[in-house]
Amino acid sequence: MDNLSSLSYFVPELFLSAAILIIIIVDLLLKEERKIWTGFLSAAALIISTFLIFQQYRLSASEIFHGMLVVDSMAVLIKLIIAVSTTVIILFSLPFIKTKSEYYMLLLITTLGMFLMAGVNDILMIILAMELVGLMSYVLAGFTKRNLLSNEGSLKYILYAATSTGVMAFGFSYLYGMTGQTNLFKIQQALLANPPQQAAFFIVMILILAGLGYKIAMVPFHFWLPDVYEGAPTPITAFLSVGPKAAGIAVLIRFFTTVVSHSAPGAALSFLQNLQVHIPMLLAVLAVLTMTLGNVVALRQTNIKRLMAYSSIAHAGYMIMAMVVFNAQGYQAILFYLIVYLFMNFGAFWVIIIMTQKLGSEEIDAFKGLGYRAPYTAVSMAIFLFSLTGLPPLAGFIGKFYLFSAVVKADWYVLALLGVLNSVISLYYYANIVREMFLRTTETQVDIPVSLYDKVLLTLMLVPTVLFGIYWNPVLRLTEISFNILR
Amino acid sequence: MNSIIPYLIVGAIVFVLGIFTIVYKKNAVGILMGIELVLNSVNINFIAFAKFVDTGIHGQIISIFVIILAAAEAAIALAIILNIYRMKATVDVTQLNKMKH
Amino acid sequence: MEMQEVLFYAIMAFTIFSAVIVAFANKLIHSAFALLFTFVGFAGLYIYLSADFLAVTQIIIYVGGILVLILFGVLMTQDIYDVKAIAAHNPLLLSLGGGAFTAIILAVLISKKPWFTLLNKEFEPTTATIGKLILYEYLLPFEIASILLLGALIGAVYLARAEDKDK
Amino acid sequence: MGLLSLVTFIPVFGALIVLLIPRQNEKAVKIVSAVITFIPFVLATYMWGQFNYTMSGINNEAQFQFVQHFKWIPAYNIEYFIGVDGLSFPMVWLTTLLSFLAIIASWNINKAVKGYFALFLLLETGMLGVFVSLDFFLFYIFWEVMLLPMYFLIGIWGGPRREYAAIKFFLYTLLGSVLMLIVMLALYFNVKDPVTGGHTFNMLHMMNQSNHSGWLLGVDVRLWLYILLFIGFAIKVPIFPFHTWLPDAHVEAPTAISVILAGILLKMGTYGLFRISYPIFPDVAVKTSYMLAVLGVINILYGAFVAMAQKDLKKMVAYSSVSHMGFVLLGMSTFTDAGMNGALFQMFSHGMITAMLFLLVGVIYDRAHHREIAGFGGLAVKMPIFAGVATLAFFAALGLPGMTGFIAEVMVFIGTFSVYRTLTILAVLGIIVTASYILWTVQRVFLGKLNPKYENISEISGRELFTLVPLGILVILFGIYPIPILNLFRASMTHLINLIP
Amino acid sequence: MITLALYIWLLPLLAFTIQIFLGKRLPRKGDWVSVSAIGISFALSLILFIRMLSNYSPDFQVTASVPWINIGQFKIDMGIYIDNFAIVMLMVVTTVSFLVHIYSIGYMAGDPLYNRFFAYLSLFSFSMLGLVLFDNLFGIFVMWELVGICSYLLIGYYFEKDSAANAGKKAFITNRIGDFGFLLGLLVVFTAIGSFNLSDVYQGVVQGKLSGGLLTAAGILLFCGAIGKSAQFPLHVWLPDAMEGPTPVSALIHAATMVAAGVYLVARISFMLSFDAMLVVAYIGGFTALFAATIAITQNDIKRVLAYSTISQLGYMIMAMGVGAYSAGFFHLVTHAMFKAGLFLGSGSVIHAMHHAMEKTHVHEDPNDIRLMGGFKNKMPATYITFLVFTLAISGIPFFSGFLSKDAILGGTLAFAMSQSNPVHYLLPFFGFTAAIITAFYMFRVVIKTFYGEPKRPDLYEHIHESPKVMTVPLMVLASLSIFIFYTLPSFNPISAEQGWYEQLIEKPASAVSAQLGYPVLEISEQIEHSAHVNGMMISILFALTGIALAFLFYFWKKVDVEALTEKIKPLYTLSYHKYFFDELYNATVVKGLLAWNNILAWFDFHVIDGIVNGSAFIMRHFSSFTGRFDLGFIDGLVNAVGDLTQDVGQSVRKIQTGQVQYYILGALAGLVLIIVTVLI
């Protein structure tokens, strides 16, 4: 599709770009104490773009901008998740970041980058979109300039990420060399027409995986994540754990489904089968490693943000696990999981954000006796944590249920078994926080005041976490219409 | 010269040297140089393939964008490095390990 | 062997040699200057690859922009007259090992594919083509790149700006 | 209509009501909770009156009673499908009864009262839900819903090592249930609803062997699934060697929770075997039945021996549960009328007897603040009524004729003897050991010279007696005249046995 | 008839219920409730008994049953079965029980738990009557256990005394061991025949559903119950200790009724005893008879002597069952119930007196010790005379009931031995006759030491008084019941009951085994029986008199220096005095062994099962670089251990996260290389 007609498929992104520019201009006009208005505007822009994205469900799946991007239902849903998650993050940030309008601009630009990631279909666009998200994330991770940890995390992030991107780009260059194409569809056709040498192709895939994997913190490309999560301002930590991850998974799914796996009849399938290297098996091993490492290391964390960092690695592992089946059901499960993960993870982070502020510590010990000092918050936190563990009747369980069901359906029993055992391990450290909150008490039981705003946000996260555990049909319907990938 | 192999070899060697630099240098700016080397190796690959493989010149265009990226990355990285230097008076990454385990 | 060919190999050797210096130089400032030569070497190679526009861009952006930036960084963050401060490195063996493994893998990769049987286009100027492509097929990346630069600008400025009002 | 749903969900609504009561008004919380738990008991008793003894249930929806069946998540064919048959109804009734009594027994809770009662009510819904669910997914949800309240109830209101015990319980049982999750999924994808042709979680469809697709009939997979499922249930029972969570959890849990744990939760493991493992994998069940019997005997003997060595009264009772649950396993491994009914009856009977024992331990603990068996002595002098009730309970536990435990054990023995002779002999040996440790305990606690420390110990209070007497009466009543209970089982058990090839 | 029996059976239960709940509040603490209940039962039994006598039909039987458990293949009916056998047993039980109740009013007066005592007595009566009345083995077993519980409760009645509590526990557990066999026997029977009903079992055996080795096994296993309950070797150890209970209890439960239940059971199941099973029964009984008698010689506690004597006499009965002399054995059960109850009540009377004397003089010694007694015949004439009657009866002197029954047994054993080709079986009459001498000897030892001679403790002697009427009257009644007349009616033959109602009405039950096999299990011709009977009578009278004479020689006339003799046969004496060290043996082996075993298992549970993964965590710690948390012992649980393990792994993995970005990059690189290498190679 040519550029002009593509525009109608590009409305949310266009709107967001326009909004960014407007906010930059508005920012110049605002006085220091009024700069929070940029935040409100950003939130409004995101909410509007959420609706705009929703409209895109009506579009038929198609390539736009000469194959640079595709708009299909999966991309739409991922964009939806991203838009909601950024909106929530902005809501999270409003009480804390009132004067620095750059924050909101950067968030919006990142969001734009993630929107692009949801639909990238060209290796140039992959690099570009990921770098757009990456660059903004580096700045956001180091946003508290006066905080050494924040800066340290940010530096590690950029060095690690730049290297990974370099490696990935290097891999892409070879992929380009093998096919002479940059568009993923064309690459696929070229690969089918002229199958590459196996070993070389595999190495290329792994090099690319290094870049894609770093974004979703797949083992062994996860190293940056704990430090960055710990150092970054907590809202940004929360942000990084959902939005970019969703976008990263979208890219991963899209790349592998289009290039490596193709369920279309005929040659495509035989190509995959003839491939000596069993990519699903490779992913399965990596998934198990990812979740196990995340869970096992999380066991010994004392800093709650760091714990959440490792737990987010584990959750990425669960999602990768469902990817190995390479079918609609797996993708649907991942999308479902992303939705519920958004709520429960943000819920937990929101509690961490408000409580670390009030308790003045990020250590888990500091949560001691919270259940009696701020009951509503603590109970909500417990619900989020148990949901993250995957206990019914909470949304997290349903999410995991679909992940495992996709895996079991494809007869990956051992993988499923390792996955559920990992859930059991994860219970230990999640319950550890709960234990601090409820099973232990402090000498002084002073109530911690929680503002109405905090509570409302908490409830906003809590309701879906519980509701989707009991009645999740709407979410299921949403994912059902959304796992369509153009290829 | 009329074969792609020398270019690929140059690309590969520079890539390896880049990775080596990234790992070997203690100074954050040094690491940044390593990254630039890696990106350059990426570029030469793209351009070489554009000449020897592609019917068009997509590779070259990608290279342009990679250069842009390199510039932006360097700018931000240096900004961060400067920030750290301001606070800690060092850019030695081995000393930036307050967060670990 | 033709002159062109000799020159080609000379540039190649020069590039690699400069890159080696970048990697192994003890002083950062040496690395920085070696990096300059590497960039230039690459520009030379680009010409052989019929990428005239790229060669120029390489010189302008890399040498004129990025390298200056890096030099600036080097100078800002350390005392150039203090020799000792930059002498130390990370474990050499470990780093070499890492590099060696990468090299082996790449050797495998390169050797596996019969690359040389592919077409070898004749030289032709590319600037116009690139211009057309960017405004047609690559319009979107081009626009995105602008936003990216805008964002990088905002970010870098924010980070680098000394804020007196903070705290 | 909807009676069963009412029974199941009244407690959870009660929990909401409790949460709305102001924190200071502890009395109101307690009274409301008692009333709330009493309603399901009344309803369940009414249902007993309506119960049709000839309907067998097990794998035939038409044969279930008080059925409610409608779609819940249509996209995945998850249904809200509940109903009772002779297998589940006695458990439902027992659950409502014990929950009510446990609430009464919780009267002296004074820490975070609201939380305690709300969680307790939630727990009750979980337990009832497990017993009434006929959709595997629903079953699983309820199964897990029990975990959370239990964790908190042990962890917050428990004894000194409560944190350890709570997390141990939690991890163990979660481990078991996640294994079940895999089996559930595997079954789901291999069973077709004969009407719609889609996959289904409906247990009854899973029981119809012809609904399974080919590969699941391959014995290997079935065996593995059976084993996974079995481990899941075994942890709950608990079957040796998965039992080590039990002593800790029981010892640290507050009295009422121990009652629930031992009285109801342990039964869920064997209930699961009856309800799910047997009808879905009858062939594998038959093949592995000898192993089950051996495990049962190990449980009986091992539990009894270890119980004898305990110095802590509550731990002793806890291990006695391990021993007594062995009878259930032994009985159900036989597929004979006497054995299966006996196993079920033992579940019912042990639920009451062990509840009594834990209540009694709680009574002592409230007064003495310790549970060292050696630290008591001669309590019968100062607490004759208590000693009398305790003796009754202990005798019931050792299988004295005239009480339910005896009937159950004898039925199990009769059922087993024709199938596994040597094992039965070993199991019968177990009752000697049981008698030994129970009498020894009775002697050390109640008989002999009064320990001067307890010169002023007070006699059991009316409230405490109120929790014990109904159970005592039932234990004797059904011990002399077990027909009402056995009638409940009969049709279902006969049908279940017929299902086993 | 059935209704009557139900009344007889259920009245004591009613009394128990009233007593246990209301006893304390009733006037006189409600003793009258129990007494009148058992009194009515007694009267009703008497009616039954008289009806039986007047009907005069050996084949009389009435049954009635209702379904109890009925599920699928598994059915148990509960019912009542009344025949002459049962009526006689009812009579015995109610008589003794009634008398003991009355006696207890005096004996237990002033006890703080008076009402509970009567409640227990009532419960016991109920259970014992049930045991007699049930028509099926299952019901019998149930009641069997219930009487065991009553016994436990009553032995441990003075629960504040550790010895009493211990004795109760010991009795119960020992009985449980016997019941283990009983239960297995029940299982064998039910598995083979599918019913517990005695007549069904009979039919089943006749039809051959249960035959051969299994039949023998079933018989022996059921007999195991009797071994426990009737305190036969080797499970006899509990009965002497059971004397810790109040004396009326000893009389009722541990002499007259409950311990005889074993005999009753053997009689009831005798139809299914194969020859081998009978031999086992006979030898156990015979050996016990002699074995217990030898212990009784040296005991100084009056009640212990009686206890061992009871064991010995029960041995006789069991032996009689074994040799096929069922009616003789059962006869001995009846007569023994009367005189042994009498002996216990008599000794109770003595003890009661001693007790009071001791209280008066503030002496704290054992009131049961016969070494402190002597010359009581003047102070307690009624007790003395009755006691003498009972002693004569047990010694087997003509004109007393014991003679009739014991003589029948001895004759039976002799006949058995004579009918068998294997001479080894003469051991049985040898056991019997030897025990008879010893019995006469030790019983008179007690009589002499208690009632004759000089008072050994004049201080106590002064305060010795005859017991109240409420206690002596039952003694007299029992004494009169120990005279031959009652058992030989209507013939009045003092040395043979052959013409009496008993021998006429109580017939040897037909053997189902014989019917199954088609030939008699045990055939003893009339001739042999007759000659054995005559010879046996002679020898037994002779032996009894010899025993008495010896006793007088030793203890009355003191012609033989007992001390010197004791010294001479010190080892034997010690053996006997310490009851052949059976308690010690059991304690050292079974009890200690069991406890040790338990501790081993508990240790196993705690350390191995619970620590299995803990252990691996321990090893892990050694191998991994991380050595922290080393001090945590072994004790953490399985989950904790898994946790430890995973946490340690976590800790090790965490170490990779060094905080240096270059190591991160290297790590990723290494991972990348690793993937490629693993996959490509």
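Going by the order they are written in, the chains are A, B, C, D and E; count residues from 1 in each one.
Everything below uses one rule, namely that a residue touches a chain if its C-beta (ideal position, glycine included) is under 8 Å from a C-beta of that chain, and two chains touch if they have at least 3 such contacts.
Quick caveat, the model's predicted, so the values are computed rather than measured.
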How many links in the shortest chain of touching chains run from chain B to chain C? 1
So which one's got more C-beta contacts, A-B or A-C? A-B
If you take the mean of the Cα atoms for each chain, which one ends up farthest from chain B? E
So which chain is farthest from chain C, going by the mean of the CA atoms in each chain? E
Pick the chain whose C-alpha centre of mass, unweighted, sits closest to the average of all protein C-alpha coordinates shown. D
In whole angstrom, what separates the CA-based centres of chain A and chain C? 31
What is the distance, in whole Å, between the centres of chain A and chain D, each centre taken as the mean of its C-alpha atoms? 43
CA centroids of chain C and chain E: separation to the nearest Å works out as 102
Round to the nearest whole Å and give the separation of the Cα centres of chain D and chain E. 37
Send over the residues of chain D in touch with two or more other chains. 167, 171
Of all residues in chain C, which are in touch with two or more distinct other chains? 90, 94-95, 98, 102, 105, 108-109, 115, 138, 141, 145, 148, 152, 155-156, 159
Would you give the residues of chain E that are in contact with at least 2 other chains, written as numbers and ranges? 643, 654, 657, 659, 661-662, 665-666, 669-670, 676, 680
Each pair of chains that touch: what are they? A-B, A-C, A-D, A-E, B-C, B-E, C-E, D-E
Using the touch definition from the top, list the residues of chain D that touch chain A in their complex. 72-76, 112, 140-141, 144-145, 147-148, 151-152, 155-156, 162-163, 166-167, 170-171, 174-175, 178-179, 181-182, 185-186, 188-189, 224, 228
What does chain B use to touch chain C in their complex? 1-10, 12-21, 23-30, 32-34, 36-37, 40, 43-44, 47-48, 50-53, 55-57, 60-61, 63-65, 67-76, 78-83, 85-86, 91-92, 94
Across the complex, what residues on chain E touch chain A? 643, 646-647, 649-651, 653-654, 656-657, 659, 661, 663-665, 667-668, 670-672, 674-676, 679-680
Chain D partner contacts - residues on chain E that touch it in the complex: 20, 68-74, 138, 141-143, 145-146, 149, 152, 156, 159-162, 164-166, 168-169, 172-173, 176-177, 180, 183-184, 187-188, 190-191, 594-595, 597-599, 601-602, 605, 609-610, 637-640, 642-643
Name, in rising order, each residue of chain E that touches chain C in their complex. 662, 666, 669-670, 673, 676, 680
